[in-house]
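Which chain is which? They are A, B, C and D, in the order written, and residues in each are numbered from 1.
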Amino acid sequence: MTAPAASPPSRATAPLVVSVQDLRVHFKVKAGMAHAVDGVSFDVRDGETLGLVGETGCGKTVTARSFLRLVKSPPGIYAGGKIDFWSRDTRRSGGEPVDLLGISDREMLAIRGDRIAMIFQDPAKALNPAMSIGDQVAEVFYQHRSDDLIGERSDRVPTLVRRASRQLTTGPERLALRLPPWRRQSRALRRRVDALVAGALAETQIANPRKIMDRYPHELSGGMKQRVMIAQALACNPDLLIADEPTTALDVTIQARILELIADLQERHGTSVLYISHDLSLVRQMCDRVAVMYAGRIVETGDTPAVFSDPLHPYTRGLMAAVPSATQKRGELQAIEGNVPEMVNPTPSCRFHTRCRFAVDLCRRVDPELLDVGDQGVACLAYASAAELGVPESSLPLVEGPNR
Amino acid sequence: MVELSAPGRIPLPTHGPFAVRVRRLAEVAREVLRNPTTVAGLVIIVALLTMAFLAPVLTEPNTPDPYQMPRDWTMRDAPPGTPGHPLGTTSTGGDVFYGVVWGARTSLQLSVIVVGITVTVGIIVGSLAGFIGGKLDEILMRVVDVFLAIPELIFALAIAAVLGPSFSNIIFALSVVFWVKYARIIRGQIIHIKQNDYVDAARVTGDSRFSIYRKDVLPNSITPVMVQATMDMGGIVLTAATLSFIGLAEAGLAEWGVLVSDGQAGISAGKWWASTFPGLMVFLWALAFNLVGDGLRDVLDPRTERR
Amino acid sequence: MQIREYILRRLMIFPLIIIGTSIIVFTLSRVGGNPIAIYLEHEMTPAEVAEIEERYGLNDPLPVQYLAWAGGVLTGDMGWSGVSAQPVTEALLDRVGATLELALFAAVVAVTLGIGLGTFGGARRDRLPDHLTRVFSISGASMPIFWFAILLLILFWVNLGWVSIGRSDPTIFASIAHPTGLYTVDAILAGSLTAFLDALAYMALPAITLGFGATAIIARMMRSSLVEELNEDYVDAARAKGLPEKLVLRRHARRNALIPTVTVIGLGFGFLLQGTVVVEIIFRWPGLGRWMADAVLRGDQATIMAYVLFTSVLFLAVNLIVDVMYAYLDRRVVLGA
Amino acid sequence: MKVQQTIALAPAEEETMRASKQWRFGQIRVVLVVLALLAAACTADPATDTTGSDDTTPDTTEPGATTAPGDTTPEEPTGDVNNPGLYVHAADDEPLSLDPAQVAAGEAGETVITQVYERLVEIGPGGPDLIPGLASEVPTVENGLISEDGLTYTFPIREGVVFHDGSELTPDVVKFSWDRALTMALPEGNSSILSDLVASTAVDGNNFVVILNDRNAAFLNSVVTAAVASIVSQEAVEANGGAEAGVVNEFMTSNMVGTGPYTLTAWNRGENIQLEIFGDYWGEPAHLDVRIDQVADADVRALGLQAGDYDSIETDPTFVTDLEGADGVTIFSGEFLLEPVHMGMNMNIQADLLPPEDTIPPDFFHDVNVRRGFNLAFDYEAFIEGGLAGLGGVVPHYLPQGMLGYDESLPVFERDLAAAEAAFTEAGYWEEGFTMTVLVEEGGVFETAGLVLADSMAELNPAFNIQVLAVVEAQFDSAHAADPFPYAAWVKNSDPFADPAASFAAYIHPDGEWGSVHGFSEAYADPDQIASLIDEAAVELDTDRRVEIYQELADLLYEDPVWLIPGNERALMAHRSWVQNFEMNPLWPRPSLKFAYLDK
């Protein structure tokens, strides 16, 4: 388990894997435009784990899904910003990043599941109930590793089999593959895939992969399912793994093991992880850095220890207050009065003012930017300079606690 | 089969303050209206109903029986546009326009009466079975199974053939055939809803069985019935038209199915109007109600609810 | 597990239902109708009528008559079919092939069309193509078959002369043997391409007319379950794996959407069965449907009873099979989840 | 599959040859089409296709391209027809039985029996005159074959006639055939017309002798020529169940062994009946094989005729306007049928049996004014123009056109609303009016007649409300099977009677078939006078005297009608123009065709 303290400082300067800049995702709703994600920026560096925390509905999941362009549209709209992504090769060759929002669908397909993988909240829902585990995991390899499947002497492989290795075959073709002359070759193909799948499953410490492969999801336990999901996600050894509340659907005992597993695999593969959760205690265990999201905005970012020891933003403090100690499991966010405001056609203002004890008139008129305070970033007018805003010092809100 | 697709539809609002129900209803309405095909269906229905209601205004009612075609034996097979016969006349000199207009009335009567009867019977039987349950349920459901085992049209055909083709007999035949579905829906719904907490809650608060039934169970069971009823409004007219085609229809009645089958032979000889217009009406009628029913189902059925 | 029990229960009540049906059928013929109507002429004297009633044992008490009939049914003797001037059982066997073959091909039309339209619409939910397919498929269910069929005949038979009506060309019919009564199958058995194509040619219009009617049922179900499946997480998961939309739809969403769609095929089959009555009249199809229509018009109760009973048994059987298939297909159901 | 095997043996070799020729053709098409979306829909019916073998295009693109538009003369280049060598007739219903002893007059079975079986004498193509059939001479008083007392008929039997099963025709076989029908005496059959008259039958050398129990003028025309008097193969019958009283012979029901120009080769239930030319026929052989298709739907029959698949179709006047002007179709309208459409009036009403809405008293029709009122109010023109498409005429009571004794000068009812009003006022119904249900058979001219009646009465007096109850044939017949008849009136057509003796006995005589059922004796001013006149005419052999009597009756019945006769239909047949020497005789059973005469 990576204790934050142990995290080498090099991480801070490690090369970027993803750089999100001013990401905006809006949803068309009856009332108008809901700004689900409203100008979010953050980086994920090589090998680090970034925790994206916030209440349900604050836009963290939407942010994560934007990476793979999985936001349903309509009603979703990518309203602005970019997500730059450096794959291993580009990093090695020092090439230019690709903008995940800009590239063609074809390129996106190549990245999904191969360079960037995702683990979903509820493994029970995320696995196709009518498809055997083996087949489901296999799909990843067919999709991204077809060349290896055919093996080096690909020119000698009949087209039909090559098509099969890319899952391009149609019904009749699949039938033909069961007959000579293709039978031998397609069987061989099948064997190679099975080997890879078994390997991937073994990675996640699944006791008897070969057996599991023929099983159907409903025959597996929740934890088992999630392991399968992880195996599937890490099958192609991606640069970035997005884990969207990977444990909330599991019971507490399983949770820990799954988290260990993720952390451990990340160590071995050097994968960067974007860990999304509303559970502070878990974030604290898992992440090198955290970004606190509120109402489609990032209100505070920084290294996990710093943020947890000295939270700056009133909202973050609220959260902390809800988690008296790191030892206590399951930090809940009910301590703060009220709930996340509707973000439909917002006016320039601090998103949090409706719930903020310290809110002053200015908070209702001015939209705070993410300011660097020490090596943390915080979006609160209390830390802004009156001069830059061109307002009297007195009109700034005062946030009690550690002085600036 | 019906058991399998366990009825899991969302109930119309029947709880909480009046305002809430109204808001929910408005929501449903808005949802329904968001679908252009449903709107199209509604428009057609409204048009057809207006026509039915204005029949005596649009045409000079025939005496003694306005539901009989007025026949002008000197004016047979007149093409559309003939003065006095905007849509032409049939081979017996019947005015096609009159048939089309009053046919709407006939269809309306037919479908409303049959739906009325079948829904009532269905609700009663289904409620008894579902709410009282036990032996009674077993027996009633077997009866329902028996009725469901015979395809609708065939059953109606067999009955009508025996009773003879008077309007009332056709109504009877169709009622006998169509009630079962409702009984089954209602029962399934009740069984389903009985498991919902608020019914138990109501029981705890010591409501009498019947008041639970009236206040909670029945209103909640109504939605799928509404969907089915809407569809049947079309299906009934279609079935009746088919019976007329096979030869079970009241003579000279202003009914679309009769007109279609009488006029069909003429089509290929260029006398297309006598059957085309009525045929179109049957089609529109069935189409409209099916579209609306389908739209309703989409909204009221959570399986397709928006996430 | 519930499904297994459910099917067992269905199997147990199966005979009950059939007995119930037979009672309804019998009651219709005796209480309502005149069981010998077909043998009556309006000039007959009461004496002659009495003589015929005697011949058909109508003077016995009803229960006795019922048992006599039911017993006959069990031993394969369902009486004499006036409309076809042969024993009912024989007539039934002569015609069942025609109707089944027609219904089968119509089912193929309906299922392919239905699933195709449903998928197409569901994948493009609430956009123009969806609305168009919806209207198209529902049109099928709303079309008065007898009207539609005549229009088709006028176009393809009278005006274009592409097809003829009936079930086969008599010459070609005579050219091969017909062991099964399914002409396409017979043709294959006889290895005669000519006969096979002939059978198809005659089948085309009726099958399309009939199938179009049943399309809606399947298309609507397919659409809604596809929409439902497309909202499932595993679809996004599949996308996240990098599968192209085509595969996501074909391999994941559609495959699962097909499962609930199976359940309505039974319903659709009932629709086809009753559709054959009209279609067979118009296309001169020598099947059970027309037999029934004839019997209805000419009051041949023996035939009506046999037909209705047979149809409902067939209908029940199909639905039972459908349920079994469903139980087999949907693992979630078997789990009882 | 029994039937099908029988055909498998059937096809004449030239047929099969043709088939294979068509097919090369069909296949090319099919291949193209299987690719196309409309699947095999395009593979033309090989039958339609045969002409195509020399040039497809015109034949498949427009209906009846075989005839120049408008050209409807029977003269046709024979090569240019559909189904050469085969005559296809589209019939509206399927026989109940093909056994002469089991069919009733007007049953579909008669159609086939007329072609396959023969009788001692036949009605000739020309008209009512008789021609020799299996008897080599038509008995007359002149040639001495009818005895002076008119009770003994002698039929010299034709020699060298063989049945389809090869057995010989002998006087004994003839006797057997008649006795068979008399023995079986099936109620649904028509044997009563034999049993009513025939006292005994005998064989005398090469003659078949019949002795009547009473003189009867109509014996030859309406009994000897009837289907029930057909001669069947004794061998075949005895080999298959023989003849038992009251027991149906299932072999004879679906098989035919006769002497006629046609043999029955296949009866595909619900599809068609196939007749083949009988090679060893004793007389002028037939020209074309025959297929009688069962086409239940009238519209489809009309379409098939236009498509050229049928050479002639069973149709009724309501379709004439639909078929007029169609390419290559000729509408043949010949002599008047001898079966006028008539409305029966019930004088045996039992009030509690009538439909609830009926308001008429049981003795409604006892009043001559009511009966005349109806006859005067009915809109004959509307019915004949509308219902019979102009192909019909009004009928004196009860002598339809073409029947012995008919004469233009005889009085017929014409619409006269004033007189009708007077009559109903006299009867006392004018003020309060009445509601009466009339039972008709659904579809066709009967329903039309009912509707015209309803309209006529409503026009005469809105308070006269006629409910037309149109039911399917089965229910119509069941209603008539009920005793007493539960309606006040009904519409159907009369049975075709070749001779007034028969029709008057059945429809006018107070103690006759209908007279007893409907209680004419209650109605007639002087029942005995009517009865005695009819009885006298029946046994009178002097034609002029008979005519006199019948015309006297016609005058009486004009004053005292017991029927309403909307009109009499002309023989009507829609056929392809390529059919040659088209012959139709109303006296032949429906559809009044003898296929053996036809060619194309």
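The rule we apply is simple: a residue touches a chain if its C-beta (ideal position, glycine included) is under 8 Å from a C-beta of that chain, and two chains touch if they have at least 3 such contacts.
No experiment lies behind these values; they were computed from the predicted model shown.
Considering every other chain in turn, the ones in contact with both chain B and chain D prove to be C.
Relative to the whole-protein C-alpha centroid, the nearest chain centroid is that of C. Among the remaining chains, A is positioned farthest from chain D, on the basis of C-alpha centroids. Pairwise, the chains sharing the most contacting C-beta pairs are C-D.
If you average the CA atoms of chain A and of chain B, the two centres end up 52 Å from each other. The distance from the centre of chain A to the centre of chain D, each centre being the mean of the chain's C-alpha atoms, comes to 88 Å. Each chain gets one centre point, the mean of its Cα atoms, and the points for chain C and chain D are 37 Å apart. Along chain D, residues 299, 303, 306, 472, 474-475 each make contact with two or more other chains.
For chain B, residues that reach two or more other chains under the stated contact definition are 161, 247-248, 261, 264, 268.
The set of chain A residues that touch two or more partner chains is empty. Across the complex, chain D meets chain B through its residues 298-299, 302-303, 306, 318-319, 321-326, 379, 381-382, 385-387, 440, 442-443, 447-448, 450-452, 454-455, 458, 462, 465, 468-472, 474-475. Those residues of chain C that touch chain B in the complex are listed here as 3, 6, 13, 16-18, 20-21, 24-25, 28-29, 32-33, 126, 131, 134-135, 138-139, 141-147, 150-151, 154, 158, 216, 220, 224-225, 227-228, 231, 260, 263, 266-267, 270-271, 273-275, 277-278, 281, 292-293, 296-297, 299, 304, 307-308, 311-312, 315-316, 319, 322-323, 326, 333. The residues of chain B lying in touch with chain D in their complex are 63-65, 68, 71, 73-74, 76-77, 91-93, 161, 164-166, 247-252, 261, 264-266, 268-269, 271. For chain A in complex with chain C, the residues that touch the partner chain are 65, 68, 70, 109-114, 117-118, 120-122, 125-131, 139-140, 143-144, 167, 216, 218, 229, 232.
The residues of chain D lying in touch with chain C in their complex are 1-5, 7-8, 10-11, 15-16, 18-19, 23, 26-27, 30, 38-48, 59-63, 93-98, 104, 106, 187-188, 246, 253-254, 268-272, 274, 291, 293-297, 299-300, 303-304, 306-309, 472-481, 483, 490, 492, 495, 506, 513.
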